[in-house]
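I've put the structures underneath this note.
Two complexes are shown next, each including subunit A; its partner changes from subunit B in the first to subunit C in the second.
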Partner chain A sequence: MGRSFGIPEFLYLLKAIPWTLLLSLGAFLGGALVGLFIAILRIVPSRPVRWLAVGYIELFQGTPVLMQLFVVYYGIAVLYNLHVDAWSAVLIAFSLYSGAFLVEIWRGSIQAIPRPQWEAAACLSLSFPKQLWHVILPQAARISIPPTVGFAVQLIKSTSIASIIGFVELTRAGQLMTNATFQPMIIYPIVAGLYFVLCWPLSLAAQTLERRIDANLGIKKHL
Partner chain B sequence: MNYAFRFNVVWDHFPELMNGALLTIELSATAMAMGLGLAVLCAYGKSAGPRPVRWLLAGYVELIRNTPFLVQIFIFYFSLPMIGIRLTANSAALAAMTINLGAYASEILRAGIEAVPRGQVEAARALGLRRLQIFRSIIIFPALKAVYPALTSQFILVMLSSSVVSTISAVELTAVTNSLQSTTFRSFEFYFVAMGLYFAMSLGFRASLSVIYWAAFERSR
Partner chain C sequence: MPILALKNISKRFGTHKALDGVTLMVEPGEVVAIIGRSGSGKTTLLRCINGLEKPDSGIIDFDGKPVELTRKGLKMLRREIAIVFQSYNLFPHLTVERNITLGPTAAKGMAFPAAQLLARKVLRMVDLEDKIGAYPQQLSGGQQQRVAIARALAMEPRLVLFDEITAALDPELIGEVIRVLDRLARDGMTMVLVTHEMGFARNSADTVVFMHQGRIREKGPPSKLFGSPATIELASLMNAILPFDPATEHSKPHH
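Up next, the complex of A and B:
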């Protein structure tokens, strides 16, 4: 008989968690940069540039992240005759992917600020950047926190897809341990449980924050 | 960049790609229908079921929403056979997609149900409608209409995440693309075209879903 699942195997799974978290964090920060860049493209006066930004968002929201990962991983390799290691490929692909989602979340938050807030700021003869910086963004930032945290949960779960190109994070570690022990019935539920431990607190935080912000703004929820 | 694009290789294999896309569409459409059904059942259980049922349903929703789809597929395909439940790749994929969508859709539906004014339910009860009748025509129908845009996005997400089922050898578009690129060595071309096909499918699903919206909610007016 081969190995069976015991403490060392469990520790092996635990050791893979930092990679999942690191990848999620890296992709989130990368995505924030990409999102900021796309957001700027969306508001420049040139129409073709704005279309480019919308096209980017539609493309990355309308195709599977796995495909995006393959295109980056294999695409760069053949196009530039350059070997990309799995870590860079997943980091690039997940940044591009999360950028497309974050920019839309943040745009929605800015648009959720009632029009009179802009008008009031304009009445105080604030310039456009000052209206945005001192009046709109502080309010929009608060609205954007729950959906942004919610997206972080989605991102952590999505990084499991990096296992498909061989990047060793939590899911890949689970696969490797399954191959060694032939006990998928024990290992995959444990892997799922570990993801749950990572994601659930964030999900709860997002819910609580959302409720608190709704209460503060006095917004009655109606969809 | 001195790479010679050879898209003609892709066109030679286009029928195979289309077969893969067809399975993707089939799996997604079935999962959408079944997932929505599951979500409605959960919504009914949550609004009318006894407390243990409500807890169970809440646990199901939280469990699915906080674990990756890929791991859920692995559990359906690799773990379940260990306790005697053997599923083919396609049915494991379908089951995972349905159960995944069911959890998300029931959470979306919940928001719609909460938005139904209490007075409407009380009025219906005063008119002597049965519990199931109230649930069907006073609660679920308007709730579905209210949350339809959010449901549409979730449906599209399920279609996109179906690419992940290629890992359990369900031969949908991603799996077909993978095997074709590995035999022809034109990986960029194949992935590029497959990405285009996925994009087209998400536009197609979006269009079909708005036709369904029209047929279900607008035509009767």
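Up next, the complex of A and C:
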């Protein structure tokens, strides 16, 4: 046997973490933009446009992100004879994918605010944008923290799929090291552990944020 | 001239006739208590006054001008007509102070320091100045409802609507809210209340309106309606609500 797993190999894995984080962050921000855009399409007066938005959501929620990635990576190349590099392809595919989920998470959070809150705001002579801004969105934001963070954690783990088209993030780095050392039973648990180290603090931070907001508002948890 | 004039208002929900040709005038400074069984259309009538419900037909005049049920028209109307709800509907993410200052600052363009002074003033009127920094969940139901009244008053309205504002309260908390209402009534505020508090209606209302099946069946000073109800429906409501009140014992309708 040649090479075995040691400090340099571990460092190689660590160096891949920023790419996983960058991809996750980019996909989340891109998804937020896509989600906002789709959210607007969902509420315009034109019915066909609204259907288009719903169709988008159903399509991207109902198909595997891997297929979406293939379509973006290979499909565009085949259809338009245009080479898309791996980084752009994964960023586009994951943005489209996360947009379809984020829009529904946020729409659900807004719809969870009881109608009397809208009415009370309207009865203070607030315009629709001001009702939304001062009364509805702050409450919807609080509600949306757990599902949004839950999705962000999913997204970080899903970015491992980008390894399949050769984009070197954490999982791909693990594959490369496995190929070099033939020690998958050492490397993959370490890779999994590194994902955990990325995701767990996010969940903890979300819980702390929720608790802090609730404590601020004088809400006591009856648990 | 009446400040509010409802003329022949009708409203259907599906096949149910919630309001069936209601006509009602409210004079400045008048306190009008609307009573009736649940489902009689009282709340629907109240919600039509500030545009939370759209009447199918009829005219609403406020201050001599017909109310426009457009977005802009309603916005202007709601600077003049405030409402207090049964379930308070305070904004849970805002302090008492911000609940009260939101309307004056965000809707009417008042500067925040001025709105803060106003918040203190209206909180004094409901005896809750010490709760200015609290969040709604930290208050009792009666306190929340008084904050909701203060929030309505901060709009400096010319008419305040009250939609069964004591109905969701524990019995021991009703008194503190009624006391605030009494005080407002004495101070000359124009008020329209949907209420089950017959004591308040009898003591503080100038006019009592009895609604039944979407129509106004009786209307007049409390002494007349409570003393000698003209319809069997009002008499039976009285008996249902005040079964042991000796004041109503001799007041069975005369046929």
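As a working rule, the second predicted complex is superposed on the first by the 203 of 223 C-alpha atoms of A that agree within 3 Å, B and C clash if a C-alpha of one lies under 4 Å from a C-alpha of the other, contacts with A are read in each partner's own complex, and residues count from 1 in each chain.
We take it that contacts are C-beta pairs under 8 Å (C-beta built on N, C-alpha and C of every residue); 3 or more make two chains touch, one makes a residue touch a chain.
Remember, it's a predicted structure, so these values are computed and weren't measured experimentally.
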When the two structures are overlaid on chain A, which partner does A:V135 contact: first (subunit B), second (subunit C), both, or neither? second
First (subunit B), second (subunit C), both or neither: which does A:A122 touch? second
When both complexes are superposed, which of subunit B and subunit C contacts more residues belonging to subunit A? B
Which partner chains sit in contact with A:K15 here, subunit B, subunit C, both or neither? Use first/second/both/neither. neither
Touching both subunit C and subunit B, counted on subunit A across the two superposed complexes: none
Sort out for me which residues of subunit C touch subunit A in the complex. 50, 52, 71, 74-76, 78-79, 82-83, 85, 87, 89-93, 102-103, 106-108, 134-135, 137-138, 151, 155
Subunit A residues touching subunit B in their complex are 58-59, 62-68, 70-71, 74-75, 77-81, 153, 157-158, 160-161, 163-164, 171, 174-175, 178, 183-185, 188-189, 191-192, 195-196, 199-200, 203, 221-223
Under the stated contact criterion, what part of subunit B meets subunit A in this complex? 1-3, 62-63, 65-72, 74-75, 78-80, 82-83, 111-112, 114-115, 146-147, 150, 156, 160-164, 166-167, 174, 177-178, 181, 187-188, 191-192, 194-195, 198-199, 202-203
What residues on subunit A touch subunit C, complex-wise? 116-117, 119-128, 130, 134-135, 138-139, 142, 216-219
